[in-house]
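Chain naming follows the written order as A, B, C, D and E, and within any one chain the residues start at number 1.
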C-alpha cells in the first residue's frame, strides 16, 4: 500500500510544480505587461461590431444527444478494462470471451439504434 | 493512510449533495447534487475495499456498477429535464405544479387542461424528434 | 535522502521535457509547414533559420496587456489556461521513455490515469468558452465538448485493446509484454487512437472548434497575452503527449529493431515521427465540418475500435 | 444496458490471481452459469433488445406487431419457471464453496418472477390501445417495458446487494422514460422529472447504506451481511444499523412507502395509464421483493432494528394513503388514477405489515419469518391481479375522455355491464369484501401475521384503515352502477360528442386484459389457497 | 319424521345452498327455448318461483329428515378443507337452532318470489297502469323499476344463498362471508327497486351498506381474534367446554367486536338508525326479506357464536346488552307511537321498522339473560317476528300498491282508512298481523316475548338479578306500548267510515282509485261505493296464507319449535348454566 500512495504523491508533486510554474509565469507577466484599460478593450469581440443578443442563440440541441451517447458508452467501456486485464489468465477463456462479445453486442446495438434514429446525421 | 480521511470526505460530499438535492430548485443542479452523492458512495466503497483488503474486491465491483448507474441516470435525467424545459421553458422544480392536487373546484382544473394540451401540441410540432 | 534526490531529478527532467519538447514541435511546425507550402518560415530570431522564433514569441506574449472582458466570469476565465495546460505536464510523468527505470513514476492503472487526466485538459477550453461571454467562444467551447465526447470513446476502446493484449493497465507493463507482431495486430487500434487523439487536441483537420474563418478562434477568442500563450503551449504539449502515448501503446515504445540499450532514443524517435505526422496532416487536409467530425467518430472510429477489441480477444484466446 | 447483463459480467474483476485457490489453475475461475435458472429475466432482456432492433427495420405498418411480440416474449420467458418449479437452483456462486450465490431460483424468486411476468403481460395488453392512441414511439415503448420487466424479474432472484441494487435500477431507469414518453405533454414530463429526481436520490441513499454495510461486514452477499451484522464492536454496530436503515430507504421508495411516496400520485396521473398500472404493480413488486429479501435474509439477524421501524412505516403508510384517497372528489380531473395511486400507497402499508411481523423470528426461525413474508407475497399476487384489472378499466375510460374523473364512471353498468361488474369486483377485492373473497383472505393472512407476532396495535390500525378504504372503494363501485345521467355541463358536453350511452367499444386487448385479471381474481376467490399457501410455509 | 341417510342429508343441505346460486346465474342467461314464457320478465320470474320452490321443498325435506331426537347435535354435516393455510374449512351443518331459520328463509324467499310473479302476471298491475309512472313501489312490476327482472331474480336468489349460508355454516370466516354476501343484493334491491326519489333511495342504500359494513368489519376483527387465539375457525370446536383456551380478556374483546357487528345487523339501539330508512325505501320484497330474514342473522350470530364461544365475555357484557335491549324496546315503541299520532305524517313502513327495533329488543333481552329459557324465547321470537313482520310488510306493500302511499295521515284521512269497509279481507289480515305483532296469546308473537321476559326474571348465575328484574319490568311496560301503537294503527287504517274517507283524501287518490276500480281484475266485492279498494288477490292469498297459518300454528303449538331449539340451546349454553 505505501507504494501505491507513493506513486500518486509524486504525481501530486508534479501537479504542484505545474501550479507553481503557472503562478510564476502569471506573476512575471503581471510585472512585465502594461495596464492601459479603455472602454472598448473590455467589450466582447464580435468582429468589431457591438455585441448583440444572447450567447445561446446558435446553440444546437444536438450536442446534448452526443453527450448522452458518450456518457452511456464511456461508462460501459469502464467494464471493459477490468475484464481486459484478466480475461486471458488461466481459468478464464472462451466463455469469458463470449460473455464480453455479448457485452460488445449490446454496445453495438446501442450504436446501431442511435445511427438508425438519425442522431448522427446533421440536418 | 487512515480510513478516516476518505470516509470523512465521502460523508462531506454526500451531505453537500443531499443539501443540494433539498435546497436547489433547478433540476440540473439537483441532478448534479445526486451525482455528488453517488460519487461519495463510490469513494466510500473504494476506501472500504482497500481498508478491508477483501479478496473479491466486492466494493470496487459495486463502485464500477455505481458509476454505470450514475451515467445512466444522468443520461435519462438530462433527457427528462430537456423535455420539461422544452414543454414549459423552465427547469425550476418549484414550478412543476400542473399535477399537484388542488383544493380548488373542478372547473379550475378542467380549464387548466385546455391550454396545457394546446401548449403541448405546439411544443411537439416545433421541437422535432427527441431521442434519448 | 536518495529517494528525495531521485524524485527531484525526475521532476526536473519532466519539467524540462515539458518546456522544451512543445517548443521543438512548434518550431518544427513552423518550418515544416513553410517548406511544404514552398516558403521558408521564420528566419531571423536567433540567427540560424530563426531557431529562437518561439522564444521571441514568448517574450512578446509576456509583454502584452492582460484583458478580461466585462461580461466574463473572471475567475473561471483566468483559470482556464492553467487547467488546459497542467494535465499534459502531469501525464508526462507516467510515460515511460526507456526500459526499466526510465520513467517519471510508475502508476498501476497507467492507461486509466493518462486518459482521465488528458480529459481534464479539454475542460480548460470549455471553461474558456463558457466564461468569455462571447458567442463565438461559447460555440467553440460547445464544439470542443462535443468533440471530446465523441472521441474519448474510441480512444478508450483502442486503449482497452492494448490493455487486453498485455493483460495489464500499467504502461511499463504493456511495454514489457510487447512483441513486434503486435504492430500489425493492433494497427487498427493504433490508427483509431491516434486519430481520436488528434481530434481531442483539436488539431486540423479536426479543428472546427477553433475554426478562424467561422468563429474567429473559438474558445480562445477573448484571450490575450500570456494566457493565450498558455493555451498554445497546451496544444503543443498535447501533441507531444499524444505522440508519446501512441508510440508507447502501439509502436512498442523503447523496443526497436536494434540496440535495445538505447531504448529512450527509440521512444523519442517514434514520438518525433508521430509529431511530424501531426504537422503533416495539418498541411495536407482541409478542415472537416463539425457534423462530419461527429460522424467519423461514431460511425467509423467506434465500430473500428470495437472490431479491434474483438480481434484482440480472439487472437489472445487462440494463442493461449 | 450494461446493467441488463450485469448478472453475466459480474465476475470478480481483479485480484483473483492472488488467491491460493485460483492460482492453482485447476478449476475454471469463471463462474459456471445455470442458464435455465437465469432464463426468465434474460429472455425478457433479449426480447427487449430484439424489439428495439426490429423497430428500426420494420416499416410503419409492421410496428403494430411489436406489442403482440412483446407479449409472446413474456409468455415464453415464463416457460422456464415451470421447469424450475421442482428444484431450487443457485448460480453465480462464489467458487470456493462458501455457499454464497448471487442468484437463486428458489420458490420466492419463482413466484415473484411469475408475478412480474404475468403483470407485465397484462400491461402489454393494456398498453396496445394506448400506444396507438397517444402515438407513443412503439419500439421504444416496448423496449423500455421489457427492460423494466427484466430488471423487476431479476430483483427477487438476487442474493447479493450488488445484483439487487442493479436489478432495481434496471427496473427503474426504463420506468422514468416510460413515464415521460408522451412527448410534448407537460404532465408527462413533469411526472417523469418528479419520479426521476426522487427515485435517484433514494438510490443514492441506498447505495450509501450498502457501502456502510460493506464496511461493517466485508461482503455484500446477504448471508454474509446477516452473519456480519451480529458483530460485537459497538462502533461498527451503529454503522451497520445506519447502513441497514439507509439501504431500506431505496426499496421503500420503490414500494411507495410513506414518507417516500410523494411521487406516486403525480407520477401516476402524468404517466400514460398503462405505465401507471405497470408502476403500481411491477414497480411495487420490485421494491417489495427487495424489502422481503433484505429483511428476511440480509438483515435477518437485526430484526430488533427494522421490525419496529417497518411497523411504524406500515401504519403511517396505510393511514396516509387511505386518508388521501378518501379526499378524492368525483368531479376532479384524473380522479380515478389519483384514487388508484393513493390506494396503492395504502396497499403498500398492508404489504409491509407481514414484514414488520417477521422481525422477532427472522434471526432465530428463518422458516417462520419466511412464512410471514409469504403473506406479503400472497397479498402481492392478489393485489397485482385486481389492481391491473382496475387499471385496465380505467384505461378504457381514459380513452374516451381524457379527464378521467370519477364522475365519468357513472352509468358504466348501463353501457358496459361486464366491465362495470369487473371493476366492481376488482374494487371489492381491493377493499377486501365479498364477493372479492381473495382480497378478504389476503388481508386476513396479513392481519394474522400481525396478531400472531404481537403487533396488536398495528392490526387495529390496519383494521381501521380497511374500514376507511371501504368507503372510497364502495363509493366508486356504487358510482359505476348508478344510472348514467349527465350530472354536470361538462359531462353533458362529453356526452354530446359520443353519447354517454354509446361509449366506444372496449378495445380487444383491453377486454382481454380485463377478462384475464377478472378470471384470475375469480379463480383465486374460489381457491384462495393457491396464493395463501405462501403465507403458510409455501415458500422454501 | 322420516329417516334419511346422512349422505342424502348432506346433499340436501349443500343443494339448498347451491341451488339458488346456480339459479341466480341461470337467471342472467337467456331462457332456454321451451321456457320463454309470455315475456322475458314472466319467464324469469317463473324461474325464480321454481328455484325458490325447489329450495323450499329441499329444506322441508331436510327438516323432515332432521332427527328431532338429537336436535342438539349438528346434522347433515359436511366438512371439507378449503383454505388450509388459514385453517378455514367448508363446514356446513344444521341443528335445532339453525334449522327453523333455514326453513323460514326458504319459505319467505319463496313467498316473495311467488308474490313478485303474481304481481307481474296479474292484470291489476299490468302495463298501462295509471301509476306506473309514479315513484310508488311497484312490487308487482320489477321489470319497470330500476333494473331488469332478470337482475331482480338473480339478486333475490343471491340474497337467499347468502342468508341460507349464514345459517348453515359452522365456520367463523365462512359465516362472515355469507353475512357479507347478503349486502350486495340488498343494496341493489334498495337502490334500484326502492320506492322513493332516486337520490333518497341511493342515500338509504348507502347508509344501509355503510352501517352494516362498518359493523361487519369490526365483527371480522373479533372473529379473527377468536380464530387466531383459539387456533381454529370451527364453531363446533370452539364451542367445546374449554373454549379453545380463550382467555377472559380475549373473550371480552371478541364479544365487544363481534357483538357490535351483530348488533348493527340486529339492529340494537342505538345502532339501528339505518333500519327505518332502509325499510321505508326498500321495495316490498326487500322489506319482507330484510325484516323477516336479514335481521335474524344478527341475533343468530349472538346465539351461535358468542354464547357458546365466549361465555365469559358474554357474561361481562350481558347487563349492557340487556340494558340496550330494553331501551330499544321502549324507544322503538315510543317512536312508533309518535309516528302513529294523527298529523305526524308517519310512514307506515317506517313505523313497522321501528316496531322491529322493539321486537328485536326482546330477542336481545332473551339472549342477554343467558338462560335456556331466555335464549329459547329469543329464538322463538326470532321466528315469530320473521313470520309476522314479513306478513306486515307484505300487507303494507300491497296497501301502497293499492293506494299509492304509506303515509298514515293520507291513508287514514280524518276519521280512518276504513279498510274494513273498502277491502274487508285485506283489513282483516292487517288487523290480524298487527295483533299478532303485539304479542296476543295464542299467536306466535306471544311466546317469544314471554319466554324472554321469563329469562330476564331469573337470569343466569353471575348476572345481577335486580338489574334484570328492572329490565324485565321496563320490557313488560314496552309490551304495553307496543299494544298501544299497534291498536292505534289498526284503528286508524282499518276502521272508520268508508263513505267518509275518500272525501278527506286528495283528488289524485280518488281518481286513481276510481280508475283501479274499473279494472276488470279487481277482486274486491262488488260494492257500489266510491272508495273501493281491490281486496286480496289470489296470488296474494297464496303468498300470505302460509304466514298466517304458521303464525297461528306457532302460537298454538310452541312446542313444535321449542322442541327443536331447546336441546340445541342446552348444548350451546353448557358453559353458562350447569
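Everything that follows uses one rule, which is that contacts are C-beta pairs under 8 Å (C-beta built on N, C-alpha and C of every residue); 3 or more make two chains touch, one makes a residue touch a chain.
The UniProt protein names, listed by chain, are A = NADH-quinone oxidoreductase subunit A; B = NADH-quinone oxidoreductase subunit K; C = NADH-quinone oxidoreductase subunit H; D = NADH-quinone oxidoreductase subunit N; E = NuoM family protein.
Nothing here was measured: the structure is a model prediction, and the numbers come from that model.
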Each chain counted as touching subunit B and subunit D at once: A
Taking each chain's C-alpha mean as its centre, the one farthest from subunit B: E
Chain nearest the overall Cα centroid: D
Higher-contact pair (C-beta pairs counted), A-B versus D-E: D-E
Inter-centroid spacing, subunit E (NuoM family protein) versus subunit D (mean Cα positions, whole Å): 46
Rounded Å distance between subunit C and subunit D, as computed from the means of their C-alpha atoms: 51
Subunit A and subunit E (NuoM family protein), separation of their C-alpha mean positions in angstrom: 83
Subunit B and subunit E (NuoM family protein): spacing of chain centres that average the CA atoms, whole Å: 64
Residue list for subunit A, restricted to those that touch at least two other chains: 67, 71-72, 74-76, 79, 82, 85-86, 89, 93, 100, 107, 114, 117
Where subunit C touches two or more other chains at once, by residue number: none
Complete list of chain pairs which touch one another: A-B, A-C, A-D, B-D, D-E
Complex interface listing, subunit B residues touching subunit D: 10, 14, 17-18, 21, 27, 30-31, 34, 37-38, 40-41, 44-45, 48-49, 51-52, 54-62, 64-66, 68-69, 72-73, 76-77, 79-81, 83-84, 86-88, 93, 96, 98-101, 105-106, 109-110, 112-113, 116, 119-124, 127, 130, 132
Residues on subunit D engaged by subunit B in the complex (per definition of touch): 2-3, 6, 10, 12-16, 18-19, 94, 161-162, 165-166, 169, 173, 176-177, 180, 183-194, 196-197, 200-201, 203-205, 207-208, 210-212, 214-215, 218-220, 265-266, 269-270, 329, 331-333, 338, 402-403, 405, 488, 490
Contacting residues of subunit C [partner subunit A, same complex]: 7, 10-11, 14-15, 62-71, 81-82, 85-86, 89-90, 92-94, 104-108, 111-113, 132-136, 138-139, 142, 145-146, 149-150, 152-153, 156-157, 160-161, 163-164, 167-169, 216, 221-222, 225-226, 230, 289-291, 294-295, 298-299, 302-303, 306, 309-310, 313-314, 316-317, 320
List of subunit A residues in touch with subunit D within their complex: 72, 75-76, 79, 82-83, 85-86, 89-93, 95-96, 99-100, 102-103, 106-107, 109-110, 112-113, 116-117
Complex contacts: residues of subunit D adjacent to subunit A: 1-2, 4-5, 8-9, 11, 13-14, 16-17, 22, 25, 27-30, 49, 52-53, 56-57
